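Chain naming follows the written order as A, B, C and D, and within any one chain the residues start at number 1.
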Amino acid sequence: MKGASCRGVDRRVLAARIAQDIPEGSYVNLGIGAPTLISNYLPGDLDIVLHTENGLLGMGPEPTAAEVDPDLINAGKLPVTELPGAAYFHHADSFGMMRGGHLDICVLGAFQVSQAGDLANWHTGDAGAVPAVGGAMDLAIGAKQVFVMMDLLGRDGTSKLVAECSYPLTAARCVSRVYTDRAIFDVTRYGLAVIEVLGDSSVEHLREVTGLDLIDAVPKHPAATAVGSAS
Amino acid sequence: MKGASCRGVDRRVLAARIAQDIPEGSYVNLGIGAPTLISNYLPGDLDIVLHTENGLLGMGPEPTAAEVDPDLINAGKLPVTELPGAAYFHHADSFGMMRGGHLDICVLGAFQVSQAGDLANWHTGDAGAVPAVGGAMDLAIGAKQVFVMMDLLGRDGTSKLVAECSYPLTAARCVSRVYTDRAIFDVTRYGLAVIEVLGDSSVEHLREVTGLDLIDAVPKHPAATAVGSAS
Amino acid sequence: MISKVVSDPDDAVSGIEDGSTILMSGFGMAGHPVALIDALLDQGAGDLTVVSNNAGNGDTGLAALLKAGRVRKVICSFPRQSDSWVFDGLYRSGEIELELVPQGNLAERLRAAGAGIGAFYTPTGYGTSVAAGKETRTIGGRGYILEYPLHGDYALIGAFRADRWGNLVYRKTARNFGPVMATAARITVAQVDRVVGLGELDPETVVTPGIFVDRVVATGERHRLHDDVAPAEVAV
Amino acid sequence: MISKVVSDPDDAVSGIEDGSTILMSGFGMAGHPVALIDALLDQGAGDLTVVSNNAGNGDTGLAALLKAGRVRKVICSFPRQSDSWVFDGLYRSGEIELELVPQGNLAERLRAAGAGIGAFYTPTGYGTSVAAGKETRTIGGRGYILEYPLHGDYALIGAFRADRWGNLVYRKTARNFGPVMATAARITVAQVDRVVGLGELDPETVVTPGIFVDRVVATGERHRLHDDVAPAEVAV
């Protein structure tokens, strides 16, 4: 298969795949946009505590229409619910929690990720764009593991996994793992390692579309392909 | 009258005098030791909110024996009570409140106060002494007005109001007003001003025992001697 | 007797001068003090600097103040939203100044102002364009930028309940910036749904002690907050 | 299922290594985690650095640990008290090291450790002997000293109620250093009077969210805390 003609998995499949890598007992922030989908795939019988930076740990699923409460929203300003065991706190405490390294995992969308783990997800640098950073920089520097969820290729077919970010950075060397529609990559000290291929892609194909020297770390024995929690 | 032979007022009288200078609506911290007495003289029908740095605003009087609660103490570790309108908070919040300049008045004991308003109240500098600073430095730099309550003379007859502190400082240029058993002094940019004489003292006598160039700012017309809130 | 309760939002915002820096709570509309901002619109102060997480949503609250041309500068973390058309237009036409601050640095700068911290080293933003022109330092092998406190002349905050001493409690994620902003302004004004009697707020659960609050105004129970509001209380 | 509840204080303090830095809550005996410290005495770890507001009262809690020669250094604000005879003796004979920190700087250094702040400028102590050897800076005409975060390997804290997620509430002035210490340690262990069911703590009133807590042990209701304890609950 050649170039952009390969088909990746869709976002819901990718969200479900990421959900598998979130161990029970984790404290997790799911960023605005696609990462929010992951909550739909976290097993309901596991205790995974979701954080929203606007002041809640123990965030629950979307409310029914009757339950919508204007005082109970997530970072994307959508209505949510609270679970038993929840706790509210103010913004300085919430960001202290993030900056202080207490969250186990955050999952963020991205415009670009570099092979060194640099993240660009807040600004395209376009002169006409209204810049908005929100809590992205705090999450990127603060969580113990930063997962990125994104399409491997942009709409114009260019790779979002890059040698060096051309967009303004959110934070340098902060990304642990990149989940794309075509493969999962670990950021290692030796460069990006493909740890799992998704859809009908291949390591060869991934090297071609990204133009990067990717390390092939896909387990050769299918029985061993289930990736557990990130190391 | 000569030297130390003058008689000052006793601590309870001085505490009552200080209480008159605490306006309704004030947020006040009364330091460990003698300043604690002041609370006995605050009119019960006025709302004056007492702060204790171990995490309470709205501190009430000493409890009855039956009401003593080991979880409810003041900074001197003595049992206290809470009033309607009270609020508890943790140490970082309590000291943020102090350092951030939110308390209107604190009243502290002192070993020495200099004519520039330097305060020494935590350590005699003796080699054998176990040093202990507690919250004194935070109160001294944080309150909008720092009142000192002390005897004018030490047990050996030397003045505790001095040109320069010989004991280690708590904070420099922090004291607003000094209440002693013999007079009340304002710290001004021109030096110490006697604003009220207590007991059978006189400005002349005070100059003699302190050895300081004291400004005589005692109102000459008795009708004007009632000192209101500190300016 | 201490009573910080004023009769209406107009009293609550009286005295705000042209050129003031106003801290406004809220994350989107949750905790956003709309009644106070409406009163500020009537009150007339202009040339304002507004510190708020967002730069207005829809056409009410901060957005209305922006639209009326009363704001010179916005200090915020996230101006761009689906419904931030008022700000977006002013920004694109160069009619408003923007200082963009990462959300955690914004919260911490406000806390520092309230807590008397002179400056602090934060890792957030290090190595990015928001660090441009800022002092940096490496501590324990990690890069930090030096950030300074952010003081307000006034804070306008939305809370849930108050008593006459100004003690405040908030409700759910509407708490957000209220507690830190309350500590960071010279004059803090709170709008709450209802004022309760002194002693009715549990001292263990007060989030903003009254020492930080200067004026309180009750704006009435809101609909759709059913969980702790008895029907008889809803009409205010 | 997350359950941070362990069966007894011995389990709660297991694994503490020689040479550890231990944060211990309490202001005097209020909020002082005596059961955990007793267990630490049995557990055996030595050469400890202890961070606590005081340096032990009477002969229990931290004082007992000091007496047993297990503490190399104390970092505190107020060692000297009427009942601090154990510490006083060790200090005078040169058997223990003391780092004296003004109380607010102690609290703020712990908060900074928990909140990822690299260092901060505080006015407290400026121009005094506690600033000796420290970096200073004038900001806005005022003098400040630079203080660094204070991290613990373990925090042993006393709280009032917990749930199995480790959410904590405190009681009255026993709250003191618990909330900041809980954020500042690698492993935080809380002793509480009673563990309640998940969902029984009101999310608006949780002071320490469970994310900061690793182990919880119930040590039983204490006598003389009558105001919210029904008789049936007292026996644990």
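We take it that contacts are C-beta pairs under 8 Å (C-beta built on N, C-alpha and C of every residue); 3 or more make two chains touch, one makes a residue touch a chain.
Not measured: the values here are computed from a predicted model.
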Next item on the list: Count the smallest number of chain-to-chain hops linking subunit C with subunit D, moving only between touching chains.
Entry: 1
Notebook entry, point to check: With respect to inter-chain C-beta contacts, which pair, B-C or A-C, contains the greater number?
Noted result: A-C
Note to self: Can you work out the whole-Å distance between the CA centroids of subunit A and subunit D?
What the structure shows: 36
Check: For subunit B and subunit D, what's the span in angstrom between their mean Cα positions?
Finding: 30
Note to self: Two or more other chains touching the same residue: where does that happen in subunit C?
What the structure shows: 108, 111, 115-117, 122-123, 170-172, 204
Note to self: Give the residues of subunit B touching no fewer than two other chains, as numbers and ranges.
What the structure shows: 56, 82, 88-89, 92, 95-96, 98-99, 141-142
Check: Name the touching chain pairs, please: which are they?
Finding: A-C, A-D, B-C, B-D, C-D
Notebook entry, point to check: For subunit D, which residues are in contact with subunit B within the complex?
Noted result: 27-31, 53, 77-81, 84, 87-88, 91-92, 98, 100-108, 110-111, 122-130, 170-180, 207, 222, 224-225, 227
Margin query: Going by the contact rule set out above, which residues of subunit A touch subunit D in the complex?
Written below: 24-25, 27, 47, 49, 51, 56-58, 82, 84-89, 92, 95-103, 141-142
Next item on the list: Would you tell me which residues of subunit A are touching subunit C in their complex?
Entry: 52-56, 68-74, 77, 82, 88-92, 94-96, 98-99, 123, 128-138, 141-142, 168-172
Notebook entry, point to check: Quick one: in the complex, what on subunit C touches subunit B?
Noted result: 1-2, 111, 113-117, 163-165, 167, 183, 198-199, 201, 203-204, 206, 209-212
Next item on the list: Please give the residue numbers of subunit D that touch subunit C in the complex, ascending.
Entry: 108, 112, 115-123, 137, 139-140, 142, 144, 148, 169-172, 202, 204-205
